[in-house]
Each structure stands twice: as C-alpha cells, then as structure tokens.
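You will see two complexes here that share chain A, one where it goes with chain B and one where it goes with chain C.
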Partner chain A sequence: MIKIETREINRYIIVDIKGDVDLYSSPQIRKVLLENIAKKVSGLIINLKSVSYMDSSGIATLVESLQRLNEYRGKLVITHVQGAVKDVFELSRLDKVFTIVDNESDALKVCNVEVN
Partner chain B sequence: MNRTDTDSIQLTIPAKPKYLRIIRMTIRYICKTLNLNSGETNLIILAVDEACSNIIKHAYKGPTHQPIHISCVMFEDRIEFILEDQGERANLDEIKSRQLDDIRPGGLGVHLIKTVMDVVTYETNVERGNSLKMIKFLKPRDINDKN
Partner chain C sequence: MTQPIIEIINLVTYYDSRKILDGINLQIYPGETVTILGRSGCGKSTLLRHIVGLSHPTDGQILIKGSDITRLNEEQRLPTLKKIGMLFQSSALFNSMTVGDNVALPLREHTHLEEPTIQIMTRMKLDQVGLSGFEDFMPAQLSGGMKKRAALARAIAMDPDILFCDEPSAGLDPIVAVGIDQLIMKLKKAFKMTIVVVTHELASVFQIADRVALMDKGKIIAIGTPDDFKNSDNETISQFFNRIPDPENIDKQEYLNSLIGNSK
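And now, the complex of A and B:
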C-alpha cells in the first residue's frame, strides 16, 4: 500500500511517499501532485526516502509534473533517490533532467526557502 | 546432486496492477535462490514488472480478471522468463524503445526491459494473445548453488 503525505512550507509542497511506486500506486501519486500543481504552488519537493521501488509509470508521473510546473516556472526537486529507484532514474537517463538532492534541507536551499 | 535439468516456476496472476507486487516478491525470492546480488535482482524485477505492466496497459487495455502467465526457467548460466497473455496482439512495429532525448511521460517500459535483459523476443506463433521471452545471462560468480 502506498502512503502519501503532504506538508507546506512557504508555498512549497513537500510530498512524503512511502511504499512501492508502480502501475497500481502511480495514479494516486499523480492525483496528489497534479492537484497541487493546479493550485500553482511555488514547487514540489518529492521525498523518496521510504520508496524502495519505482517503475516507469512513476518516472512518467514525475516527468508530467515537471513539465506542468515548467509552464509557470514552478520547481520540482526530488530527494533521497537511492538503490533500485536510483537505477531507474539512471537507466531512463532522466537523472540529469530532474533536480535531485540528498535531503529536504538541500531541497529547501535549492528553492531559496529559509526555515527558521 | 548433479543438476543437468532445469528448475522452473510458474505463476499466474489476474492482469491487475494490485497483483504486480506478488510478481516482484516472487522474483526477488527466485533471484535470492540463485544468489544474485541486490543490484541484478532489482533490475530483473524491474524488467519483469514493466513487461507485466505493458500487458495490462496494451494487451488487455486496462485491468482485467484475465490472466498473465509467468514462467521462470532457471539454467546454470541464465534465467529465462516467458510471459503469456490472452489479450490483443501486439503490433511489433509499435514495440520499440523511444528516443531518450524525447522527454515525455510514458514509453519508457520497453527501453528498461531491453536495457536490463540480454535477449527479448516476441513469439508471434501463438494461437492467441502474446508471448514474450526474456533472457538474462548470469555472471559465473552468481552460480553458487547448483542444487
């Protein structure tokens, strides 16, 4: 089962995903991401710390979100890409297309968000 | 025990995304039995999962109770997967990897399968549906357990 939780910091939405991202769960993740993009949030920070598997439908969801955010200069930052998930990004050669950082702190720096 | 024959495992699931997890777990245990490392295991799981997803999306045009048959045959030097469905015949001209510089959602599955597996063949000589054969050759260091 997938678990998706969102937090907001200065108009940026942090999306914490827990579970496998596959053909079953990707539509649920897509729904959450696109709902926030429709609100014209400043950006999305996707936390994959608790994701140990992602397939091409997950990558496709992230690509679609990136393209929609680009339409209004919103940002997409992905954190904690590791193990099998990192393999999928690299095999897709999309690891250079996305902004990927180690952790949430680095993601907020990329987004120029100061947290007190 | 001197094994000259092959071991095989068959699994059938309804073509629904919620059952893909069962496929992944089963293949993980098969790879563990073959002493494959975690990197290779993850890639093999990805390729078979992508192939099953393609059957659901393209052969059956969405989730259905109809079956996906997965046969895994373990040889000394390789592992073979044969996936069969009873869905719409695949158009082989349309089954190709897309250009990776064409950044768009979708179309990555076939690229991932062909990148991970050493041999990927679509069997067209079947009565109905589709049959996909994927072969992954194993590195010699992986072949430790011959029983």
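And now, the complex of A and C:
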C-alpha cells in the first residue's frame, strides 16, 4: 500500500512517498504530482527515503513530471535515492537527467529556498 | 534456505497418444539463469509453453512463486503471469503495429497506466535494448536481430521477475546472436531477473548459463553447471557437447516399413 503526503515550503512541494512504486501505485503518484504541477508550483522535491522498490512505471512518472515542470522552468529534485531504486535510476541512465541529492536540506539549497 | 521461484514436479504431457514430456522435475532459484538444452523435438519448447501457461499438462505441477498454475483458471493465474516475460522464438511481433505499439501492448492490456506514462516506458524499454528512436518503425522494416531486440523490449515491458526466452539466437548470425546473449545478461544483472533460456546453441550456454538442464526424449537427463557438462563422461552429454552425430544404424525392415506406411 502506497502512502503519499505533501508539504509546502515557499511554493515548493515536498512529496513524501512510502511503499513500493509499481504498476499499481504509479498512477496515484502521477495524480498527486500533476495536480501540483497544474498549480504551477515552483518545484517538486520527491522524498524516496521510504521507497525500497521502484519499477519502470515509477521512473516514467518522474520523467513526465520533469518534462512538464521544464515547460515553465519549475524544478524537480529527488532525495534519498538508494539501494534497488538507485540501480533502476542508473540502468535507465536517468541519474544523469534528474537532480538527485542526499536529503531535503540539500534539495532546498538546490532550489535556493531559505528555511528559517 | 532459498525457495525455488519455479518448481516443476513430475510433469507429463501427451499430444494424442505420444508422450512429449515424461516426468519432468526441475527447480529454478531466484536470480539464476538456467538453460534448457536438447536436440530438436526433445520437448524443451513444449516444457516452456507449459511453464508460461500456454499449454496444459496431462499430469504434474508447475509452481511459480509457490502457486500451482496448472490448478488455477485463467483469471486466477493472471497476477502470476503478469510478472513473467516471454521472448518467442519467432519474435511474434504484430506486423500491423509499430514497434512502439508492440512494446506498449502489454501495458495497455494489463495495467491502468495513463498513456503518457506508457509512452515514456516504451521509449525506456526500447532504449534498454538499443532501439532508441525506432518506436515508429514497422516490424517489417527491422532486421532479424532488431526484431528480436524489439520482442525483448516487449517481454520486459511489465518489469518481469522471470524472463523466458525460446531459442533467442535462432535464425541469427553468430555476431548478432552473441549480442542478444549479452543483452539478456545485461538485463538480468540490472533487473535481478530469473532467466530461463531454451536453446540448442552450445556457445550461448557457456556464455549465459548458471545451470544447464539437458533434455532427451521428454525427460531431463542431467542438470549441472556448464563446466560439469563439459567434463562429463556420460555418453549422451558427451555426444551433445562434442557435437557427435548419431551413428547410422538402420534396421532394414523398420526402415522399409516406414517407407511403405506399415510403421507402428
């Protein structure tokens, strides 16, 4: 069962995902990401700390989000990419395409967001 | 102890009165590559068709991740079969559809993914098999090796746990065949898939197999590593691995009977 929670910091949406990202859960994640993109948020920070499995549909969902954010220069930053999820990113050579950082604090720095 | 991902127990199949599979027992473990080797007509492709649920056995069990697919109806076994990829000997691409639509087909048929996700996944899969940019081509515009790669992209479209390949090198020149073997190994490493390859190509066996199951007349007569087989002094194994043809021992009466139509 997937759990998706969102938080907002200075027009950036942090998306915390818990569970496996697969053919069944990807559409739910897509819905959340595209709803926020439709609001023209400054960017999305995707936290994969509690994701131990992601299949091609999950990667494709992130690619589509990146493409849509690029249309208005919104940002997409992914944090906590590890283990099998990291392997899938590397295999797809998308580790070169996405901005991937270690944690939320680094993601906010990349987005030039100052947190008091 | 690791449980087998595939377990075949005493599988028997007849086509009419002819016994094609004669008590097959085989265990395949997660992450390993097993080649099923044997002469033409020994039953290896039939065995594969049974494991993927395309044929029904006369007797015996086929457990995939613990679930006996021979005892489930089509609807019940669908969740198991969705995580299985199959590369057919003939590639089996639909000639009336583009390469991209062929790869997207299982995703459109078996998932609720939105079309933009499917389109991106299709391009990713084609990229993984070295066919980036070929999604709008028709199968007839591809070479034999490219068709095989496109079929492989379709076989892995659903991110399968288990990939079955029926004679992946059949009809390909040796260099293209090696390329397909290497691609299968790359995908195995990347996706940690269990792979079962039916072949009679020895070069392919030594390149990809962790274990080999040798079939003869509907039975598995030996299982071991490629090196076990190479060093075996078993007559049938030795004949196969040293490429020795059958001796021409003709029973005159039996041969005559077969020509005049009196054979049993």
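As a working rule, the second predicted complex is superposed on the first by the 116 of 116 C-alpha atoms of A that agree within 3 Å, B and C clash if a C-alpha of one lies under 4 Å from a C-alpha of the other, contacts with A are read in each partner's own complex, and residues count from 1 in each chain.
By our rule, contacts are C-beta pairs under 8 Å (C-beta built on N, C-alpha and C of every residue); 3 or more make two chains touch, one makes a residue touch a chain.
Computed from a predicted model, the values in this text were never measured in an experiment.
*Asks:* Could you tell me whether chain B and chain C fit or clash when both sit on chain A in the superposition?
*Replies:* Overlaying the two complexes on chain A (C-alpha atoms) leaves chain C and chain B clashing.
*Asks:* Touching A:Ser92 in the superposition: chain B (first), chain C (second), both, neither?
*Replies:* Both partners.
*Asks:* Based on the superposed arrangement, let me know which partner A:Gly83 touches: chain B (first), chain C (second), both, or neither?
*Replies:* A:Gly83 sits against chain B, while chain C stays out of touch.
*Asks:* Would you sort A:Thr61 into first (chain B), second (chain C), both or neither based on which partner it touches?
*Replies:* A:Thr61: touches chain B and chain C.
*Asks:* Is A:Ile4 contacted by the first partner chain B, the second partner chain C, both or neither?
*Replies:* In the superposed model, A:Ile4 contacts neither chain B nor chain C.
*Asks:* Which partner does A:Leu23 reach: the first (chain B), the second (chain C), both, or neither?
*Replies:* both
*Asks:* Based on the superposed arrangement, let me know which partner A:Val110 touches: chain B (first), chain C (second), both, or neither?
*Replies:* So A:Val110 meets neither chain B nor chain C here.
*Asks:* Pick out the stretch of chain C that clashes with chain B after the overlay, from 169-177, 187-195 or 241-249.
*Replies:* Stretch 187-195 of chain C has C-alpha atoms clashing with chain B.
*Asks:* What is the shared patch of chain A, the residues that chain B and chain C both contact?
*Replies:* 22-24, 55-57, 59-61, 63-64, 84, 87, 91-93
*Asks:* Quick one: in the complex, what on chain C touches chain A?
*Replies:* Touching chain A: residues 111-114, 116-118, 120-121, 124-125, 127-128, 158-159, 190-192 of chain C.
*Asks:* Can you check the complex and tell me which residues of chain B touch chain A?
*Replies:* 17-18, 20-21, 24, 38-39, 42-43, 45-46, 49-50, 53, 56-57, 100, 103-106, 108-109, 111-112, 115-116
*Asks:* Give every residue of chain A touching chain B within the complex, in rising order.
*Replies:* Of all residues in chain A, those touching chain B are 20, 22-24, 53, 55-57, 59-61, 63-64, 67, 83-84, 87-88, 91-94, 97.
*Asks:* Applying the document's contact rule, which stretches of chain A touch chain C when the two form their complex?
*Replies:* Residues 22-24, 26-27, 30, 55-57, 59-61, 63-64, 84, 87, 91-93.
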